[in-house]
Each structure stands twice: as C-alpha cells, then as structure tokens.
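The next part holds the structures, each set out as structure tokens.
Each of the two complexes below includes chain A, the first together with chain B, the second together with chain C.
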Partner chain A sequence: MAIAEQRIRREFREVIRSEEVERCRIKVELVNDKFNELKGEIAGPPETPYEGGKFQLEIKIPETYPFNPPKVRFVTRIWHPNISSVTGAICLDILKDQWAAAMTLRTVLLSLQALLAAAEPDDPQDAVVARQYKERQDVFQKTATHWTNVYAGGPNHADDLEDKVRQLTNMGFEEDQARVALSSHNWDTAQATDFLLS
Partner chain B sequence: MASYFDDHGVNELSENLTSDELPLVMARILLRFGFADDIWLTTMGSDGLGPYPTAKKVIEELPTQIITKEEAEKKNTCSVCLGHLEEDNEVKTLLCKHQFHTKCILPWLEKVNTCPVCREEFATDDPAYEEFRKYKARKKQRDFELDNLHNSMFG
Partner chain C sequence: MSECGAGSSSKDGQGSEDTTYRQSEPADSGAYECNICLDSARDAVVSRCGHLFCWPCLYQWLETCPHRQVCPVCKAGISQDKVTPIYGKGSNDKKDPRNKLPPRPPGQRTEPENHNAFSGFGFGEGNFQMSFGIGAFPFGFFASTFNWSDVRPGPPPAGSPHHEEEQILSKAFLLLAIVFIFWLLIA
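Up next is the complex of A and B:
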C-alpha cells in the first residue's frame, strides 16, 4: 500500500476520534475509497464574523503525501483576506513552503480555523478583501458576517445588505456576482453597478 | 558595471563568471544589500517546499539502527507514516534526536533540509543557500547581542 493511503487511513481514524470532532468543531468525510480526496468542514470560531457558520473544504491528497502538503480549498464562499472570495483558494504558509511531513489533516483543519480567527492581511490571497480589512475594518466585519449568513448558515441576517443585493438582481445581475461587486466596493451601489457593467 | 560594484564594495566578482558561480554571486550581492529575506521568499516556489535537499554527507552520516524487542515495546511512532517503530524496523535519528523509519525519512530529506517534526535546519549542498543560512545565523546572533545590550542598559 502506498504511504499516502496508509497515512490517510491512520489520520482519518485520528481525526474522527479527536476531541474537536466530538465537539463538532471539525469534520472529515471520505469522498471515495481511494483515500485521495476528502471533504472537510470547520466551524467558524467564536467571536469572529464567521461564528455560527459551517465551512466546507475540498481536500485533495497528492500521491507524494505526506512529503507534499494536501491541496485544500474552501468550497463554501467566504470573505477573508487570505482566502479568494471567488475560487476559495487559500494562502497559508503550512499549505505551501512551511509544510512538514509530521503535519496531519487534523493540524491543517485546526490551522485553517486559527486563520479564520486571525487573518494575515499583509500576506493576502484576495487583495480586495485585504484592503478592506486594513482600511475599513467596520465594513469588513459586516461583509464577512453577511457572507457567513448567506453561504455558511450563520445566524446574522443583514436586511440592509440584502436590499442592496436585491436592487442589483432586479436589474438583471446574477446574485453571487452582485454580492461580490457590492462587497468589493464597500456596498456602494453606484460603484458596484459601474463595475458590473464595465 | 565594474565601477558600480567597486563603489559598493563588492570586489569578489570576477570578470569571467561561469554559470555555476552566478547564483552564488547573486546571493552575495543580495546579502550585502540586505534584500535577502525578500528575495529568498520569492524564490522558494509557490506550491512546494524549499528546493534544497539536505546535504548528502549529513544524510550518509545519520545514525542508523535496528529496533530491538525492548525498544519496540515503547511503541514510539514515526511521524511520517504514523506507524509504530516496530521490532526489526530500520530507523534513523536526526541531529535533533527525532527518529523515523529509514524508508520514511529519506524521501523527505532528499527534498528538504528540515526535520518534519521540529523544523530544525540541516546543511545543504547548495552554496548560495548555505550563504543565506550563514547570513541568517549572523543576523540572529546580532539581534541576540542587541537584545542583551539593551537589557543590560535598561534591564
């Protein structure tokens, strides 16, 4: 048996037995019986805009695992400086050059949870989000909370933001695109419309 | 070009560089002018590990042993495969004292120069990277001395 598969089998047992799973903070599921693709889920950390949300992850295990890191991407859309609001790609050092063979799925999921609690705007994946995070922290918090509500099942509904999205969908724009445009332009409807038309 | 480097005190440059020497010279220039940290980060490669394997000599000289019956009873784990170090398994011990199956640690050290558990750095065979390691060590020493100096004045 290849080392990658053997490792994932052992890790899978480790994660599903862990305390974090018991408390519903992280979750992993197999996608196939080849152990090279998994579905992950992390709960948004308390006292962050992501609180109450459940974020799905796509986890692909390379054949060279654990000598190379797993490829991880957010499937659930999220507004965060280190995660692409469009593709879900993640900028996190341990998934790149700081990976170490002793790390596991459990440490990866916990690190991602920690990233949600402490963004690193100086090493962004999404430059637009990072700029808002640095320059308009209030708008960032509100936007991230709204995205958590819409995409991750978070509890905080924002009627004012929903109204703005509806204004644009009534003009014929697609909902997700409208939300991205508004979020990227600090919820200025005129600027977002210009952007969508350009 | 020569005068520019003379002005800046870079005099190790010879006129006839071979392509092998070029990265080393670049590294020296970058270190001299303090760009090293930035440049190094951008050359590390975006989706992989640092491109520097552990030096062949370091790998060859790692203490190697066969796990005995008594040692196997400790049920120590190899952090690469997550399996136990079982009786008759061949293991290698890194300079940081972390132990792994030989078959598990060799592919890792052939890729990178750090311990998978504690990230202790080992020597590489890459002259430019070795320059950078020396620079980092000097910088660390300097920062340490500065801290000490500061503490002795204000401590």
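Up next is the complex of A and C:
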C-alpha cells in the first residue's frame, strides 16, 4: 500500500477521534475508498464574522503525500483576504513552502480555522477583500458576516445588504455575481451596477 | 448537535478496523511511531531536536526539499549526518536492507572524557603537537619577503631563445595562478 494511502487511513482514524471533532469544530469525510480525496468541514471561529458558519473544504491528497502538502480549497464561498472569493483558493504558507511532513489533516484544518480568526492582509489571495479589510474594516466585518449567513448557514441576517442584492437581481443580474460586485464596491449600488455592465 | 451525530456514526463505521488496529499494536506504541508515516519506526533515527523517524521516511523528506532541510516536526535544522540511528536489541537489520537508499548514517562514537585533561601537556610524553601556518596567501608572503629590495634584471631582447622561454614560463605560471584562484573559490 502506498505511503500516502496508509497515512491518510491512520490520520482519518486519528482525526475522527479527536477532541475537536467531538466538539464539532472540524470534520472529515471520505469521498472515495482510495483515500485520495476527502471532504473537510470547519466551524467559523467564535468572535469572528464567520462564527456560526460551517465551511466545506475540498481536500485532494497527492501521491507524494505526506512529503508534499494536500491541495485544499474552500467549497463554501467566503469573504476573507487570504481566500479567493471566486474560486475558494487558499493562500496559506503551510499549504505551500512551509509544509512539513509531520503535519496532518487535523493540523491543516486547525490552521485554516486559525486563518479565519487571524487574516494576513499583507499576503493576500484576494486583493479586493484585502484592501477592504485594511481600509474599511467595518464594511469588511459586515460583508464577511453577510457571506457567512448566505453561504455557510451563519445566524446573522443583514436585511439592508439583502435588499441591495435583490435590487440588482431584479435588474436581471445573477445573484452570486451581484453579491460579489456589491461586496467588492463597498455596497455602492451604482458602482456595482457599472462594474457588472462593463 | 446533529452534525456530531453524523460524525460519530462514521466513527462507528470504522469500529471493526479500529479493533484490529488496537490488537496489532499495544497502546503505548505511539511513543515510538515515526513522525512521517505514523507507523512504528523501522530503521529508526532520531534528530538532534529529538524527533523519531524511519530512516527511509526521513531520507525521502530530505530529498523532497533539498534546499530547505528542516525537521518535519519542529522545523529545526536537520541534515543526513546529524541524525543518530537507534539500535535496539532485537535488531531488524536482517530483513529488507533497502538497497535503493543510502544506508542509515552511522552512529558517532566519541572517546570517553579524559578526566585529567592536562596530563598530556608535558613535553616528555610525546603528545605535544605544534603547527605553524601562514594562511591562504603564502605566495604573497614569499613574493614580498624574498624579493625584497631585489633588483630584477630587465626583459631579454625579443626573438632570443631566452625570451621565448620566459614567455612559456610566464604563461605556465599564469595558468597555475588561475587554477589556484579557481580552487580557492571552489573550496
């Protein structure tokens, strides 16, 4: 049996018994019986805009695992400086050059949770989100909370933002696109409309 | 919470496998697991920072990122010649010699500490050593020392056999100098 598969089997057993899983902080599920693709889930950390949300992750295990890092992507849409609001691609050093062979699925999921709690806007994946994070922290908090509510099942509904999205969908724009355009333009309806039309 | 229920049901699904896992390995074996494959360490080596690995696993890690040789656990500096092999009584050397890999680095034996450290200092005991070096540029030293105030003869007339000989010698020494400088840079 290849070392990657053998290790994922062991890790899988480790992670589903871990304390974090018991407290519903993280979760992993198998997608197939080859152990090279998994579904992860992390809970939004408390006292952040992501609190109350459940974020789904796509985890792909390369054949060279654990000598190379797993490929991880957010499936659930999220508004965060280090995660692409469009593709869910993650900018996190341990998933790139700072990977170490002793890291596990559990430590990766916990690191991602830590990333949600402490963004690094100076090393962004999504430049638009990072700029908003640095220049308009209040708007960022509101937008991230709204995205958590809409995509990750978070509890905080924002009627004013929903109204603006509906305004654009009534004009014939697709809902997700409208939300991205509004979020990227600090919820300025006129600017977002111009952007969508250009 | 309902999600937790789902999580524990998948745990139950693994139940039978878990039992065999526990039977095959005693509960305290975790302390001797390789930090990379999470199996009990084979051909065990320990890093200076104290982390245990299978030698094949650690070797593959060091090969994967040759420009960044760090401990997979704590990211302390690590290298092939700075790990210590562990030889248990029940040696597993007989099976699987792992031909493809370089052998485990050998253990390093240091002589037991000498408690009367100054006993070797006397001249009569034959242990006294002395060395003298001029450093990296002995040529400069010789040139400046031995040619001091030496009046050099003028160049021989062009075309004479003496001149040709000097040209060859000059080229030979130039080549030697280049080789020497190159060696200095490489070393």
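Brief remarks follow.
Criterion: the second predicted complex is superposed on the first by the 198 of 198 C-alpha atoms of A that agree within 3 Å, B and C clash if a C-alpha of one lies under 4 Å from a C-alpha of the other, contacts with A are read in each partner's own complex, and residues count from 1 in each chain.
Everything below uses one rule, namely that a contact is a pair of C-beta atoms (placed from the backbone, for glycine too) under 8 Å apart; a residue touches a chain by one contact, two chains touch by 3 or more.
Everything quoted here is computed from the prediction, not taken from an experiment.
On the shared subunit chain A, the superposed partners chain B and chain C overlap sterically. Residue contacts after overlaying the shared chain place A:K54 against chain C, while chain B stays out of touching range.
Within the superposed three-chain model, A:D93 lies out of touch with both chain B and chain C [touch as defined at top]. In the superposition on chain A, A:E29 contacts chain C only, with no contact to chain B. When the two complexes are overlaid on their common chain A, residue A:R17 makes contact with chain C while staying clear of chain B. Taken together, the two complexes place residues 3, 6-7, 10-11, 14, 66-68, 97, 100-102 of chain A in contact with chain B and also with chain C. Every residue of chain B that touches chain A in the complex is listed here, in rising order: 44-50, 79-83, 104, 107-108, 111, 114-117, 119. Of all the residues in chain A, the ones that touch chain B in their complex are 3, 6-7, 10-11, 14, 66-68, 96-97, 99-102, 104. On chain C, the positions that touch chain A within their shared complex are 1, 3-4, 7, 10-11, 14, 17-18, 21, 35-39, 51, 57, 60-61, 64, 68, 70-73, 75.
For chain A in complex with chain C, the touching residues are 3, 6-7, 10-14, 16-17, 21-22, 24, 27, 29, 54, 64, 66-68, 97, 100-103.
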